[in-house]
Amino acid sequence: MLRDNISKQDEGGGVTTSEILSVAETGGGTGVPLLEVDNLQVEFKTRDGVAKAVNGVSYSVSAGETLAVLGESGSGKSVTAQAIMGILDSPPGRVAGGEVRFHGKDILKMSDEERRKLRGDKMAMIFQDALSSLNPVYSVGDQLGEMFRVHRGMSKKDAKVKAIELMDRVKIPAAKARVGDYPHQFSGGMRQRIMIAMALALEPDLIIADEPTTALDVTVQAQVMDLLAELQREMNMGLILITHDLGVVADVADKIAVMYAGRIVETAPVHEIYKRPSHPYTRGLLDSIPRLDQKGQELYAIKGLPPNLLRIPAGCAFSPRCPKAQDICRTEIPVLHPVTEQDGTELPGRGSACHFWKDQIHG
Amino acid sequence: MSELVKSPAIGDESPVSATAAAAPEATPKQLTQWAEIRHRFVQNKLAVVGLVIICLLFLTAIFGNMFAPFDPGAQDLENTLASPNGTHWMGTDALGRDMFSRLIAGTRVAMFVGLASIFFAVLIGVALGAIAGYFAGFADTLVMRIADVFLAFPLMIGAVVIILVTGRGITPVIISLAVFSWATVSRLLRSSILSVREMDYVHAAKALGASGWRIVRTHILPNSLTPVLVYATFNVGTTIIGVAALSFLGAGVPVDVPEWGNMLAAGQAFIGVHDYLWLYPSLFVVVTVLGFAFVGDGLRDALDPKLR
Amino acid sequence: MRGAKSAKWVVGAVLVALAATACGGGDGDSKDKGNTAGGGTFRLGSTEPDTIDPGRAHESTGILLSNALFTGLYSNTPDGLAEPALAESASSDEGCTTWTFKVKADTKFSNGEVVDAEAFARGWARSAHKAAASDVAYHFAGIKGYDQLQDGSAKTFSGVTTPDAHTIKVDLTKADCEFVLKTAHTAYSPVPKAAKVGEEDKAFGEAPIGNGPFKMDGSWEHNKAINLVRNDEYGLEKAKLDKVQVTLLNDKTAQQLEYDGFQAGTFDYAHIPTPMLKTAEAKYKPQNKWFAKDTNGMNYVLPIGDNGPTNSKDARLAISYAIDRQAIAKGVFQGYQTPSTTIVPPAFPKAYQKDLCTSCVKQDVAKAKEHAEKAGLKPGTEIKFSFNTGAGHEEWVQAVARQLEDVLGLKVKLDGKDFPGLLKEQQGAQASGVYRFAWGADYPTPENFLFPLLHSASMNKDAEGNVVGDNRARYNNPEFDKLVDTARATKDEAARTAMYKQAEKMAMDDMALIPTFNRSQFRLMATDKFNGLDDINFNEDPILEKISLKK
Amino acid sequence: MGRYVARRLGQMVIVLIGATMVLFACLFVLPGDPVGSIAGSDKARDPAVVAELKARYGLDKSLPEQYVNYVSKVATGDLGEDFIQRREVSEILGPKLANTAKLALLAITLVTVFGMGVGIIAALYRYSILDMATTFFTTMAVGFPTFVIGMLLMKWFAVELQWFPQLGGDKLEGMVLPAVTLAITDIAFVARLTRGTMLEVLRADYVKTAVAKGLPRRRVLFKHVLRNSSIPVVTYLGISFGALLGGALITEAIFNWDGVGLALVQAIQQQNNPIVIGVVTYSVAIFVVLSLIVDLLYAALDPRIRLS
């Protein structure tokens, strides 16, 4: 897992979603995108065969921008993030193709050491479960300070001062007293703040937050999200927010990419997607959010289970679960079509990988 | 041994998504728990190899005398210390007895002693461990201190002392090995009960008014036995080595019993001269130990994938 | 090896046996004289002894060391003949109840103290006294005053007097015309004044001060080593070696360690584990390092005569006929042991009566069955065969057991236990069945087999019916007793021997003991480095005082 | 922490008392005749002699009295006098303890260095040839009885190649073969354990965090992975060291190593009960003490234990 055996070999065939539409081109960001993921492919070798976890994903994030990546377990959203960070479990995982450009440079072509230096310093990641993501046998101060010691060559003492500063910054009360405490001595919310502090320590350009609030109580969730958003604004960082929770997305994200079975099935600016989803899967997700105005009605559920990545259905991967699937859906993989108004007006930043996207958005 | 690759198909890093959880529609192939366990076990090639070994050992133990070429006790003083040959595939020992036939006969002894001592260890261990784990308080303290006492005796030293006072024999060997292994079982069971006891379904059963014993029997024990089962499987092999070591120390089963340890102890005197005398018994021991270890590994992985 | 409480209770099949008629060491000596150098260190491995105090030493290493540290009135030649050592003369009265010894003058202990008659009297009383708790005290049992020493009421033998510094007078309670032979035993060694009589004396036992060819080099390093250096004050012919280094081994693996040690160059002398004999002979005989002596310690199957399935003569005969000694000697012992047909070993050529045991000569299935029937020893009868484990007996006892099962249909229960346990069980009032049994002589006379093993006086049952004497077979034949008693009191050697022969036949006819194998001794010796390694002594140890470094 | 230590010390005392009672019961309550062996079995057992011996060894008192006597003496380090050489047991055992400790120390060093080393390498290069070789070696080492391994080592390396002296002695090279024999099974166990926990820890989220933090590989391994994976290994090593210090019956016999294990084997054969009691009491005590140390070490390594 510690070796990033990333293959630079590009798989020529089967590219269907690339070149179609990059979120970046139309996104709310400014200037050159901070990060561009282009046709990324990630595979896992398993006993039973090769699982294609990420199958040609493209998206981009600019400085100060927040991209929400939405999807069920196994949709490939976390794997994409890990591939960007260069922390895939490899073996068995490997990047099978595509490019990841950070500040315009393909980081997949960098040496392991160059990438290591990027990690933590220029791009950082926040994990879902802070309890398991923090090392139980070292104090939080030690783990925070480690960032400064490794990347900035600070002394232990200076690093500790920095750690206390960081803890203050993420609003941990009595930081000075608690700097020597161990992760298990903090509450869930506090731990997640420490994770955030650790990610922000060196003021990176890009933060990837992988379900940062899933493990927390609802009230704490909001606090943590607010904190994250606040700090992001302050430092003008790009943020990739990976989540399965559409509710969280609405408040903080600028744009959304919905993933299913290793592909992006829909992209859109955040507000539009709630109004007019252009993919049946997105619609299903929206319909399954409990809403106060529908109290008493049976909650909608997408039938069936996400596909086994070893045996992704032919054609559109969602077709077996799709209420509107036609024959073409079972044979032909839909590309990510640019979505337009009925009159052909371009809808900036919108795309849909549904053969019948028109019916979806206008029907 | 078989850390299966985490397949992204089975579980991504995130927990089951809200939408998927909200769709608990039964798939046609909804596996029962046991079928699932069996499936995971069979997936593990080494475990299957181990199972095959154990099955062969059992078949040998039960039916071995039917296909053994010679009477394992029959001596041929005209043909002692014969190297392996067409008639005696694994040679003959110092009394001209057919090694192969004796090793086959030894399988029965090994299986019996190994399983019996583990059986008794588990029997005592589970009974006391269950009491300690479920009733807690004084019973727990008492049982655990007794367990500590027995754990404090190194197995060989303890076993040798027991055999010193009881004399050689299959029963003393079984007893002495059991007496100094039950404590581990008790400990394992107790700690596993302690965690199971706090599970929701136990609270639920209590709330429904089930009796204490019923809760232990139907809810706690079955769910706590996993580590015990794994331990027991592993230790059949270890026990067989223990028996062999006791034989070497002259505290094993009677010398005329065709037991692997006895054969090893007799054979080690011929190291460098008639190596097959110790090599073949060693191989039987090794294969048996491995068989049980593989199955133990497989069971552990299959019963509780998190344990590995 | 060790585990034997007494030298004569032989534990190992191959290790301990009697000295025998064999090539003498004298020729070798003169031949080697030319290339002998002074000095040198002779290294051997041996088990940690229980004690090396001459008054208490009873097992092989203890005897080896006390024999090197002390010299008594008489000593035994490798051929089993008693010859005077410090005694100038020994004589008895007609009735053989009073013996007079003259002690050589002007010999000294290694501390300079003179070895006089008093030193002997002191040593004997010290060994026999209760406080010593000596396992070999019974060798003094015939001397007047023994009982008082044993119960602690006296500190000297009333029967031992020293009219002058060089004369010892011994009064016996019963006639013993062979008493002189007993004085060759290490228990009969003299001790200096430093040795305490009548009280426990641990200090002396840690570093005994003796009068032998060697003396202690430092103290006994327990479980590690005992080192000896040449005693330059020795009163007889001085030793040539500078040092003898005895590495102390554990009895569990001593044989293997000695053998491996010889091969690895750690030792200059080694016993050989039975399984290795063939290999060792093939390898070392051509190098002239292999030593074999056709000795005659005796192995028996001991039947309990007054109890259980072996309480009749026919039952015992049936068992004897059922055993195929030739097959076992060849198959199990690979030809390194020979079947025996007598009670008295061939070591005593004048008393040896080959093939006296007719049932021993050859396995005879028909006769075995015939006698079994007569004895009512029906197929299916359970009989216990007890032996001590870890001493190389496992194989042959299994062979015998199987033969008894095959021929007589008996159900033999093999019962292996440790040596003390075996002896204890033998003694028990409820003992039954047969036991592995071996005997080595303490003095070179057939009497040393017949009297202790078969005389009813040697049964010595205690209140609970335990046989505390050595007659574990519980053989009780008044006629036999009378013959042995008469022989003991017969001064004429030829007549005496004739009577012993007659007595042996009587016991053999009753099948009191079932002979199995004579025993041969095998050694590896570094003849490339030392002279004088062409024999072993009466105690089956290297003759340290004759060994010398080769030039 | 202070209270924890105090509680564990209390438990230790209870365990020691329990263990000595068990041992005492084995030797004096179960059938067997302790005096028989003192009085010398082949010698006249004069009732007066027996009575005196009984008095001398305190065997004429009631069992509870004997037990109390024995415990109070043991507590002051007085183990009495042995039956055979009639020397102070503590004087006899003293140097033997030192010898056993020397060997145990070297053995545990080998176990730590090679067991952990091999385990780490196997975990890092999982499924490589090296890993497979490790798996093969460890399973074999677990399967072959110690005495076969020991005798083979002596045969090959002392007798034939003569790389090492055949018999120990005080020099390091004399300790190598017995220490290796003693260590080999534990090396295998520790290698397996290390590999297993390493793989587990390598999968842990906090290791992913450490990588994501951009720490150099070396730092991730030695700081974040090793400390966490060493916790179960250290526990095993401690317990194993306790067992090693208790004396190795078989290895000491094979290499004539004058330690407590060998003393026990011999004392049992000679029914020399004071030595048996002395050695067993000692090995139980050392084991219990080591367990305590391990628990404390565990607490030091894992703040979750320490601070809960």
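When the chains are written out, they are named A, B, C and D in that same order, and each has its own residue count from 1.
The rule is simple: a contact is a pair of C-beta atoms (placed from the backbone, for glycine too) under 8 Å apart; a residue touches a chain by one contact, two chains touch by 3 or more.
By chain, with names taken from UniProt: D = ABC transporter permease.
From a predicted model like this one, the values you see are computed outputs, not experimental measurements.
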| item | value |
| --- | --- |
| Reference subunit D (ABC transporter permease); chain at largest CA-centroid distance | A |
| By mean Cα position, the chain sitting nearest the middle | D |
| Rounded Å distance between subunit C and subunit D (ABC transporter permease), as computed from the means of their C-alpha atoms | 40 |
| Subunit A and subunit D (ABC transporter permease), separation of their C-alpha mean positions in angstrom | 53 |
| Geometric centre distance via CA averages, subunit B-subunit A, whole Å | 47 |
| Whole-Å separation of chain centres (CA-atom averages), subunit A against subunit C | 91 |
| Multi-partner residues of subunit B (each touching 2 or more other chains) | 6, 249-250, 272 |
| Contacts with two or more other chains, residues of subunit D (ABC transporter permease) listed in rising order | 151, 155, 203, 253, 265, 268-269, 271 |
| Residues within subunit A bordering two or more other chains | 89 |
| Residue ranges of subunit D (ABC transporter permease) in contact with subunit A within the complex | 124, 202-217, 219-221, 223-224, 227-228, 231, 301-304, 307 |
| Subunit C residues touching subunit B - in the complex, by the definition given at the top | 252, 256, 273-276, 278-279, 324, 327-328, 330-332, 334, 389-390, 394-395, 397-399, 401-402, 414-418 |
| Residues on subunit A engaged by subunit D (ABC transporter permease) in the complex (per definition of touch) | 1-2, 85, 87, 89, 116-121, 124-125, 127, 129, 132-139, 146-147, 150-151, 182, 184-185, 195, 198 |
| Parts of subunit B lying in touch with subunit C, wherever the complex brings them together | 73, 75-81, 94-96, 167-168, 249-250, 254-256, 266, 269-270, 272-274 |
| Subunit D (ABC transporter permease) residues touching subunit B - in the complex, by the definition given at the top | 11, 14-16, 18-19, 22-23, 26-27, 30-32, 135, 139-140, 142-148, 151-152, 155, 196, 199-200, 203, 243, 246-247, 249-250, 253, 264-265, 268-269, 271, 276, 279-280, 283-284, 287-288, 291 |
